[in-house]
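Per-chain residue numbering starts at 1, and chain names A, B, C, D and E are given in the order in which the chains are listed.
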Amino acid sequence: MTALVDRVPGRGTTVALAAIGLALLLVFLVHGYWAFKLATVVILALAVRGLQLLIGSSGQISLGHGAFFGLGAYASGVFMSQAWLTPYLSVPVAALVCGVLGFLFGLPAVRLAGPYLALATFALSLAFPQLLKHPLFEDWTGGVSGLSLDPVTVPFGITWLHDDQWALLMTIVWAAIVYTALHRLVCGPTGLAWISLRDHPTAATAVGVDVRRWKAIAFGVSAATVGAAGALNTVLTGFVSPDSFTVFLSLSLLVGVAISGPTSILGTGVAAVFLSFAPDVMEKVSRELTGVLYGAVMLAIVFVVPALNQWRRRSALKRRADTAAPAPVPVPVAATPEQAR
Amino acid sequence: MMEFAQQVAAGFVNGCIYAMLALSLVMIYRATHHVNFAQGEMAMFSTFIAWALVEAGAPYWAAAAGAIAFGFAMGAVVERVALRPLHDSPALAVVTVFVALMIIVQSAAGLIFGHETYSLDSPFASWGGVGQGLLSGHALGTVLVTVLVLAAMSAFFRYTKLGLSMRAAAINPVSSALSGINVSRVLMIGWGVAGAIGAVAGLLAAPVVFLSPHMMSGIMIYGFAAAVLGGVDSPPGAILGGLILGIGENLLGAYVTGNELKLTIALVVMFAILVVRPRGLLGGKAIQRV
Amino acid sequence: MSDALLKVRQLGAAYRSTAVLGGVDIDVRRGGITALLGANGAGKTTLLRSISNVLVKTSGSIELDGKPIRGLATDTIAAMGVGHVPDGRGTFTQLTVEENLLVGAITRRGKADVRADIEAMYALFPKLAEYRAKPAGLLSGGEQQMVAIARALMLKPRLLMLDEPSFGLAPKIVRQIFEVLSRINREQGLSILLVEQNAHLALELAQDAYVLEMGRITLNGSSASLKADERVRAAYLGI
Amino acid sequence: MGAVLDTGAAVTDAAPRASEPLLRVEGLGIRFGGVCALQDVSFSVMPGMVCGIIGPNGAGKTTLFNCLSRINDLHEGRIHFNGRDLRGIGAHQVAALGIARTFQNVALFDRQSVRKNVETGCYLGFGGRHFASLFMTRQGRRDRAEIDTRVDELLEFARLRDVAHVLVADLPFGVRKRVELARALAMRPRLLLLDEPAAGLNHEEMEELLGWIRQIRDRMGVAVLLIEHHMSLVMRVCDQVVVLEFGRDIASGTPQEVAANPEVIRAYLGGDE
Amino acid sequence: QTGAAPRGVIKLGQTMPYSGPASALSAIGKVQTRYFKMVNEAGGINGRSVELISLDDGYNPAKAMEQTRSLVEREGVVAMFASMGTAQNAAVQRYLNTRKVPQLFVYAGSDRFADPKYYPWTLPGLPTFSTEAAAYADHVHRAKPGAKVAVLYQNDDFGKEYLNAFRERLKEIGSQAEVVAAAGYEVTAPTIDSQIITLAGTNADVFLNITTPKFTIQAIRKVSDLPWKPMHIIPITSNFVATVLRVAGLDKSTGLISSTPSKSAGDPEWAKDDGYLGWVSFMKKHYPEGDLTEQLNLVGYSMGHLMTEVLKRCGDEITPQRILKEATTIKGLALPALIPGITVNTSPDDYRVVRQFRLQRFDGTRWVPLA
């Protein structure tokens, strides 16, 4: 009876459904710039979710996920510009490419810990734009100028949707699919493997988890997710260039995860909204102080979010205790002599 | 041959600058087990202080002292204000603080000093140089200062109580406090010293890369890489890492791979080294028992 | 007990929001050994942490030698002569055994004195002498426990608080340690507050004893009187 | 409560081999740097037996466990478990063979609830069927349900039902040890390695532990290897005891024999009681 | 619906790196915002006021795209004006051309911004790199026939286009001079010492230094440390006296060759020039905190004039089509910053706004025209 509360987050499902419903509703309400902006928020949320999976579930911090975002973006850009795949079909393929490369990068990288892993991934995000510019790949990547693609248009001659709305709709659909898949993974044995190796690698080994392999898989799945976001971004904007995927993108994703917390799905949405709107708002407040304000708000968030999370966790625990326990039990149970009998 | 020597010499001097930054990172790592991404920006800001003082008419050495003092104060304040409240927060929160600091310090510098490039001349310029442009006076000075700082830092950790306290506090703050170590003071000093070393690094870098709010963004990557390559808790490792990167990068770029992928190749090599030695070249072993 | 070195009154303690202790009164006599018994989770560790002011929020009053110390910084309390062997040993894993001991003596002056004490510790725990240059984190569980005790003794404390010193130690070593503690107590007048699950040993060593249950003191008195108590005999001594 | 005790795969699988030792350690040796942590250690354990490992601190007891669970490499000797040589086996594969353990320093997943911790012990129960759970196939749902029941039973067994949703980090030490025990049992082991399970327990709790170990042996048919410094527990629960000193096995036999052995008294027990 | 400006206001959009590594370049946006304020205060253009919405893109192409879409679709700007950066403008070029929004006088020199066939809605604001590079090729050919040329170039559109154009021009005019070594660097690199050493090793006669200001400064310094004494050419984008040469050291900069279509800010040569004085009085009145030696302030102001002229010629028809038409049919327009004799000329099949330069040499205090 108590089992359900812990694992199947009934409230989470409701929230997810509500979010998807709301998003779909918005598809029909907005168009033009706001449809575009909303789609970028969804894409950012997905990218943050991807990194969150790595950090929250498997405990590895990556400063290089901007590179996977870029890789996904370029993969889909190349598929589209070479006319190998239609825009939205390029998304899963790009994700797959990122997943495989992420896994391969992860295999050796999982030997590293803490600052060493941070540097290795940081290196990835530094090297990535340079590789894109390299003459070897220039035919495909378009070199420094990048690729400009045809914008997506509504298919099947549908007239009651704007192009922007169609793009938003497809973005939401893909994002929902990826979110659901990740959710299933995290709730199943895969999630158990990740959580265990994050919290205690030795103990994880002792319960039969192949730590190296699952760390690398976490890297791969995370890269695939971020890559999917990148691919969606290409489809949405119709443009990729090396300079869009700088270190700052990687750091922004990291900040996103700091805001969202290690596991909260809703948090990824909040983080995306922050990352997407905060710079605009700051710019409105003061152009000179944009950077200082943005940084200050980030600092503030770091101090506020944990307090919020703690409060949430506590109320969640309380809720569980209320629904789970037949009678209120003092939480720390001491083995008093009476109880032992 | 001359060209080869020049490449090595130029790499050596750059390596010293990377190493100085790496040393300041090592300092912070030893004191708090964090890698401060904003270290480069903090160093930049301190260097601007020196520049402002020189502009205001102060003699170079007074300005440098002012910058170093400022670096110390800034490090200490950052620890006190931004880091201490987070002492039991997840690593991610700390990383975010560093990113935020990086942005804040950089834009504040732009706001205060403008985005142009300035020059801050080297106090060692008058030493003349060695060889035909092989080692300039500034290069000689850079090497000298690096050696001095390394020696001082190694002695500090090995022979002083404060050094021991610092290592202890980073490993186990609770036990340290129970042993009578004023952990917060030690951390603050650790950050302060790191800030001061950073300022020295900035002063050494300024005559080479010139002064601007973004002067460190290119160098810091190497400082970071040097620290990690050498082993992020080892001062000699920082120097070794810095020199390997500085010289290796120049030689690779000039004779092997061409300049476009210079950084990329350097990073790939470093990654390979790390995969074989996951704690860097001179880093301490991970101590884990069950 | 007017000659109390440590005087705890109406102590309350909490972790974040969970209250653990409610109104605890305890005295440790100057030069005496006081044992604290209690079930798992009763709050013994929390009581020691409250005195050292680590990790917990406290209320009430704590006096050392008549001076109020509640709320003072942990290191200040340590510097006033309160040694604390924490539960879980608190090893400085990357430091060598010898450096661990040096950290213990960090508040002391006089190099020669400290040196002599380190040698004394090595005499007490020959195993540690053997491993003096080894990173302490590599030692076995019991060896690390020895390091923890030695480190606390290096502080030259007036009051030594031990949180389950016998934890993970072989019977022979436990007996040795208890003998040493009793000797230091006799010879140097070191006052000791001892938390120990091995009630037999604890009551043997101590003059006074308390029983802590669910965050409250439920029994106190001389060790002898507690040894005779029915409840103590059933729950802690297994007789 | 009964189910968990009677459905252990261990009983049925282990039965045919009952006459052969479940675990055979031969000439085991391991060095750290120059120091020999273990040297020529040999003993064997029959299925369904409780075997105590005692010895002074630093004798190599935990190291022995680490060899059995393949965290450390063995430099010399062999370990046979259930007829298989453990040498070629990776640390994460040991669990699948049926060896579960607890740790001297309690190795739990601190940021998870008690329930989740025990569930992690069931990881193997999913048999690597990750896709089944990703696509929520019938198999996936069946796995899920089965594991839920198993966890419930174990929580009941280890008296953890009331704290099922508490984060283990917030639990007192003794309770954490119970969680670790439950997690190990969730793996349905044939051999259970317990590293100082009684450390830090009071008398009362030790009695409870004793009862559990007996149940694990008698009703689940699981063999137990027990490191302990509490001689009273060792004397009462072990069928056989091995004594280590400086990495060597200096004595073995029934608890009574061992306790009377003058070598053991000198090296370990000290004095005469 | 795009571009339908409310009666009385002409909305222009712009993206600028107010934050990020290229913040120094945002001087253009700052001065232009003030420029249009001045225009409005003086009664606007044909009775309409101009609103220049200048947004921050952090020098990131993706952000530039987002901001541009916001300007076009939310703000309904009628044209984009003088947005900064090659990659940033390239990112939105396709979008703006599809949308038929004029992308005017972009602050970038790539040839792709002067390509009426593919991108009829885009015009450059700077002389294109290839025009400039060709000018230097001609000069090298004339001054040092048969010279060996060593090139340092930034590894991006700027550097690569420039280098290619230089090479091609040499070939085209059948010059004996040739590029014997070319070393690239990444904008993220901390120093370019190593590249300079390599180039110096060739002992070339000419050093073509295609770098952005920060690296131009480093290169001037490093070259002066070495025994190498080539003819040293630097590009328009970094030939600023106040922010580049003075920092590198005026003595060390003596002898540099460069070219320019514009007057040099702070140069006494123009002390009596009307256009220049107009700028000075604008700065004093509307931008007192602005730097009178900062070249970007002069250039930005001058581009403002160009835009004003285009809008003026549109009369009452403020539509994208009309604006484009006027912008692509300018004949012999003089601007305050352009050196007398150099004018703006565009035609529907040649979008290069500025095609003439003056070659110049730095004499230790100021740029002097080469004979």
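The definition used in the following text is that a contact is a pair of C-beta atoms (placed from the backbone, for glycine too) under 8 Å apart; a residue touches a chain by one contact, two chains touch by 3 or more.
From a predicted model like this one, the values you see are computed outputs, not experimental measurements.
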Listing by label each chain that touches chain B and chain D gives A, C
Larger contact count among A-E and A-D belongs to A-D
Farthest CA centroid from chain C: chain E
Taking each chain's centre as the mean of its CA atoms, chain A sits from chain D at a distance in Å of 39
When centres are defined as mean Cα positions, the distance from chain C to chain D in whole Å is 31
Each of the following residues of chain D touches two or more other chains, namely 62, 71, 103-105, 107, 170-172, 174-175, 204-205, 207
Check: chain C positions touching at least 2 other chains come out as 18, 39-41, 138-139, 235
Chain B touches at least 2 other chains through residues 107, 110, 221, 260, 263, 288-290
Within their complex, chain A touches chain E through residues 32-34, 36-37, 40, 126, 130, 133, 143-146, 148-149, 151, 233, 237-239, 241-244, 246, 248, 279, 283, 287, 290-291
The answer for chain C against chain B in the complex is residues 52, 54-55, 73-76, 78-79, 84, 86, 90-95, 99, 102-104, 106-107, 135, 137-139, 151-152, 155
In the complex, chain E touches chain B at residues 19, 21, 23-24, 26, 155, 183-186, 188-191, 193-195, 197-198, 200-201, 213-214, 217-218, 225-227, 243-244, 247-249
Listed in rising order, chain C residues that touch chain D in their complex are 15, 18, 37, 39-41, 87-88, 127, 138-143, 145-146, 164, 167-176, 197, 199, 235-238
Within their complex, chain E touches chain A through residues 18-20, 55-56, 58-63, 65-66, 69-70, 72-74, 86-87, 90-95, 98, 110, 112, 155-157, 160, 186, 188
